[in-house]
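This is the structure, below, for whatever I ask next.
Going by the order they are written in, the chains are A, B and C; count residues from 1 in each one.
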Amino acid sequence: MADPRFYKKQGPFTLKELVSIGGEPIAGTYDDAVLIDDVASLEHAQAGQLTYCDNKKHIDHLAACQARAVLIAPALADVVPAHVMALIVKRPRRAFALMAQCFYPDSSLPQPMIAATAVIHPTATLGTGCCIDDYAIIGAGVSIGPSCHVGAHVCIGDGVQLGQGCRIEPFVNVQYALIGDFVTIQSGTKIGQAGFGFDMDESGFISIPQVGRVIIEDNVGIGANTTIDRGSGADTVIGAGSRIDNLVQIAHNVVLGKNCVLVAQVGIAGSTCLGNFVIAAGQVGIADHLKIGDGVRIAAQSGLMRDVEAGKTIAGSPAIAVRDWHRQTVMLQRLSNERRKQL
Amino acid sequence: MADPRFYKKQGPFTLKELVSIGGEPIAGTYDDAVLIDDVASLEHAQAGQLTYCDNKKHIDHLAACQARAVLIAPALADVVPAHVMALIVKRPRRAFALMAQCFYPDSSLPQPMIAATAVIHPTATLGTGCCIDDYAIIGAGVSIGPSCHVGAHVCIGDGVQLGQGCRIEPFVNVQYALIGDFVTIQSGTKIGQAGFGFDMDESGFISIPQVGRVIIEDNVGIGANTTIDRGSGADTVIGAGSRIDNLVQIAHNVVLGKNCVLVAQVGIAGSTCLGNFVIAAGQVGIADHLKIGDGVRIAAQSGLMRDVEAGKTIAGSPAIAVRDWHRQTVMLQRLSNERRKQL
Amino acid sequence: MADPRFYKKQGPFTLKELVSIGGEPIAGTYDDAVLIDDVASLEHAQAGQLTYCDNKKHIDHLAACQARAVLIAPALADVVPAHVMALIVKRPRRAFALMAQCFYPDSSLPQPMIAATAVIHPTATLGTGCCIDDYAIIGAGVSIGPSCHVGAHVCIGDGVQLGQGCRIEPFVNVQYALIGDFVTIQSGTKIGQAGFGFDMDESGFISIPQVGRVIIEDNVGIGANTTIDRGSGADTVIGAGSRIDNLVQIAHNVVLGKNCVLVAQVGIAGSTCLGNFVIAAGQVGIADHLKIGDGVRIAAQSGLMRDVEAGKTIAGSPAIAVRDWHRQTVMLQRLSNERRKQL
């Protein structure tokens, strides 16, 4: 169970109540009236709790599972032991997420409050129900929609706009940015600083004025200590629904499509455009001025130096089709072994 | 045009005025008296605006270009269509940077002001014309030169010295550092913390006192959320004019020469020395105690484990001469294809 | 000598005093009564100072060394020139660390003080001798042990617990965490934010509530601008004595054993477990749900996609045994050269 020092659990809920918010039809011979106390992972679930399993790899945990009920993919339903009720559903993880949200509703809707130590410019406007924490600084002409939470020590620069329901965690700096609805930015992330733009020759460097913006569309989530530079003239754009992890670098004029996923420590160089639903795993690097098509998947630590067509899965540095990459990896090992034997 | 919420544009300027500040002779049959309203990239420039083109790759954009005038390299001058005035110049990008600075002068020279909430130690000294924003903390014995901008929430530790015209953005922490003139440090960067120095054996770790400094010479620019550790006994040094991007790690005792460029997410391990004009592209890693000669260029994601002679261009992990790296990359693909056909 | 602007040096000390705190027997024909003024590296040591040498690579510096005495490994004792006293000791670096701590005692035990601008919730409890700097924010129910230093602008979230003697540097954010004794967290590090957990399909993303904690055991040291996500249900755990460098990413549910070392820019994906004394060099990436055994050593920039048995040393991306990796690297160069000659 979640530590009550930190989390206030709701419930219990009947399976009937939970099934009704699972987002899709749920089959199985479970007992509607059973009370569920809590949610937990397959490994950690205890008596009276609900869990899920959507992956053959984890089947071994099912036998010993102590949960009262398990959300399970149809293909795995047969493996559920008799002592656990099977809730058969196409997307167990999604249903679990929705049900878990009942037990642990997001605490991001804080009580409306404006800390006495917040420095709010007289020309800034705040929607109803906002919470502005201690030592936050909100600049001239800023517009913040209703029900936003601006955390402690956050700096919102002059002219920035936030939609409704945004959560900005401590130590975030936002400048030169227009931000949509329900955007979450975790602690320490810096948005809108000048990009890495200059002309260089033997006499040194001259900065090119960076006069674009950062546009963050609705429902974007951004992790901690990430950096997103503003555009140089055009804008840097983060498409609606995209999820960006910690310590990610996004350079000036980069455009992300909708629902992209950038895992921790990814770096994207200037003016590169990603389509929709592009997924880049951890520590991927993408060179500047590239076009990465819709649905491209990029393996961890890959280095992209060329455009990538929609739908491809790529790996390696320089990145190639993932099949080719696997083949090269295996071949290299074999060649090395062959040579070793010959010596 | 830049969003007036964020930027105050100057101008218009005549071509005569602009050409006079381009930094070098500009040829062509343009009309001196033409008024230019704004600057923009080749792709985005509109009627009445100035743009530049210094790369054959972008020639295609020239035909459709709506700009009034284009700064263009001599070799490309013939390609400029008749409806755009050609300003022929050796370094179009540099001339563009200088002209763009007329339209968008750096807003970093703020009005002199000391926020009431700033905590400034009585023994600290500030030059004339400084701006110290809300919640900044300036320690004992700190010396700050004239016309510096210390952003909101910045912490300047005891004894630190800043020259004139520095800009320190929000959430920067500077300790044990001597900083020259016209240095810019973007939001969230941490300078002067103790380096990763300890002795370890089976019983655990013992810290080695880190009693050096960070020396940042004149005209250095440092990005956001970067970390620069102080020296262990000797100093960590960032040479004059160097440009460091976001999320870069510089370990204790590293010495950068003048005018080095470190792109985002580069990491340099302890006591490594870079010469002048070294360029490391994104996500490069450089091992400890190496010597990297003047003018070395390092491709993105490379991993350096050995010294590199001046003037070399290297790539790969472990890094080798870039030609060898290309050859290996191509060979690997060919070998893989050959083996595949044989099966 | 360390810059007196920043460091207050103690001493001088006699060799007798210093030898007594070296942690192990020290042999040699040195003069007990000699006064030592300061400590310095082999390259920088001046007359009257103490240095150390534990590596054959640095022998060349010994001849020109100006130090009064050198802590030296038994195998190297013969090389010490006559003008330098040789203190022969099994672990010169460890002895040096201990002696250096006499000259430069850790300044982390500040004067007890609670800044008037600190915002401390009435239900928070502070041990004796704590120093709480300006603009720190300490939430409801927080418990802080004796002799802790909470730096300027630090945010300690509701319910967090710290043991004794912890040092938390400026701009650290700690939420949902239980922290042991003598833990140091450098500037800008973010601990306890929600991990990267969501379900995704073509319609977008649904967040999975992240209701675990971060457990940081005793004597852990964490660098600057690092990010450690809280557990999703189980906890994220940093084992006692571990040292984590700058800009490291640790995802939800990761478990580090005791005395692990993570060098700068390492990233560890969700639910991966490291044993004790695992060492990951800079920019290493480790995939999710892996088990890395005790004492595993991982070369810089390696990418781990599989479990690793205890005691192995690995390198490359994908990571393999370090010997195989060296062999492949050499073979690739040879093959490339052979092919080139054939053409």
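Criterion: a residue touches a chain if its C-beta (ideal position, glycine included) is under 8 Å from a C-beta of that chain, and two chains touch if they have at least 3 such contacts.
Just so it is clear, the structure is predicted and the values come from calculations on it, not from any experiment.
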* Asked: If you fit subunit A onto subunit C using the CA atoms, what's the rotation angle, as a multiple of 5 degrees?
  -> 120
* Asked: Interface overlap for subunit A and subunit B, more than half of numbers shared or less than half: same or different?
  -> different
* Structure fact -> Averaging C-alpha coordinates per chain, one finds the centres of subunit A and subunit B separated by a number of Å equal to 28
* If you look at subunit C, which of its residues touch at least two other chains? -> 135, 153, 171, 188, 225, 247, 265, 283, 301, 317, 332, 335
* Can you list the residues on subunit B that touch subunit A in the complex? -> 2-3, 5-7, 39-41, 43-44, 91, 93-94, 96-98, 100-101, 103-104, 106, 117, 133-135, 151-153, 169-171, 186-188, 219, 221, 223-225, 241, 243, 245-247, 259, 261, 263-265, 277, 282-283, 300-301, 317, 329, 332-333, 335-336, 339-340
* Asked: Across the complex, what residues on subunit B touch subunit C?
  -> 119, 135, 137, 141, 153, 155, 158-159, 171, 173, 176, 188, 190, 193-194, 196, 198-202, 204-209, 211-213, 225-227, 229, 232-234, 247, 249, 251, 265, 267, 269, 283, 285, 287, 301, 303, 305, 317-318, 320, 324, 327-328, 331-332, 335
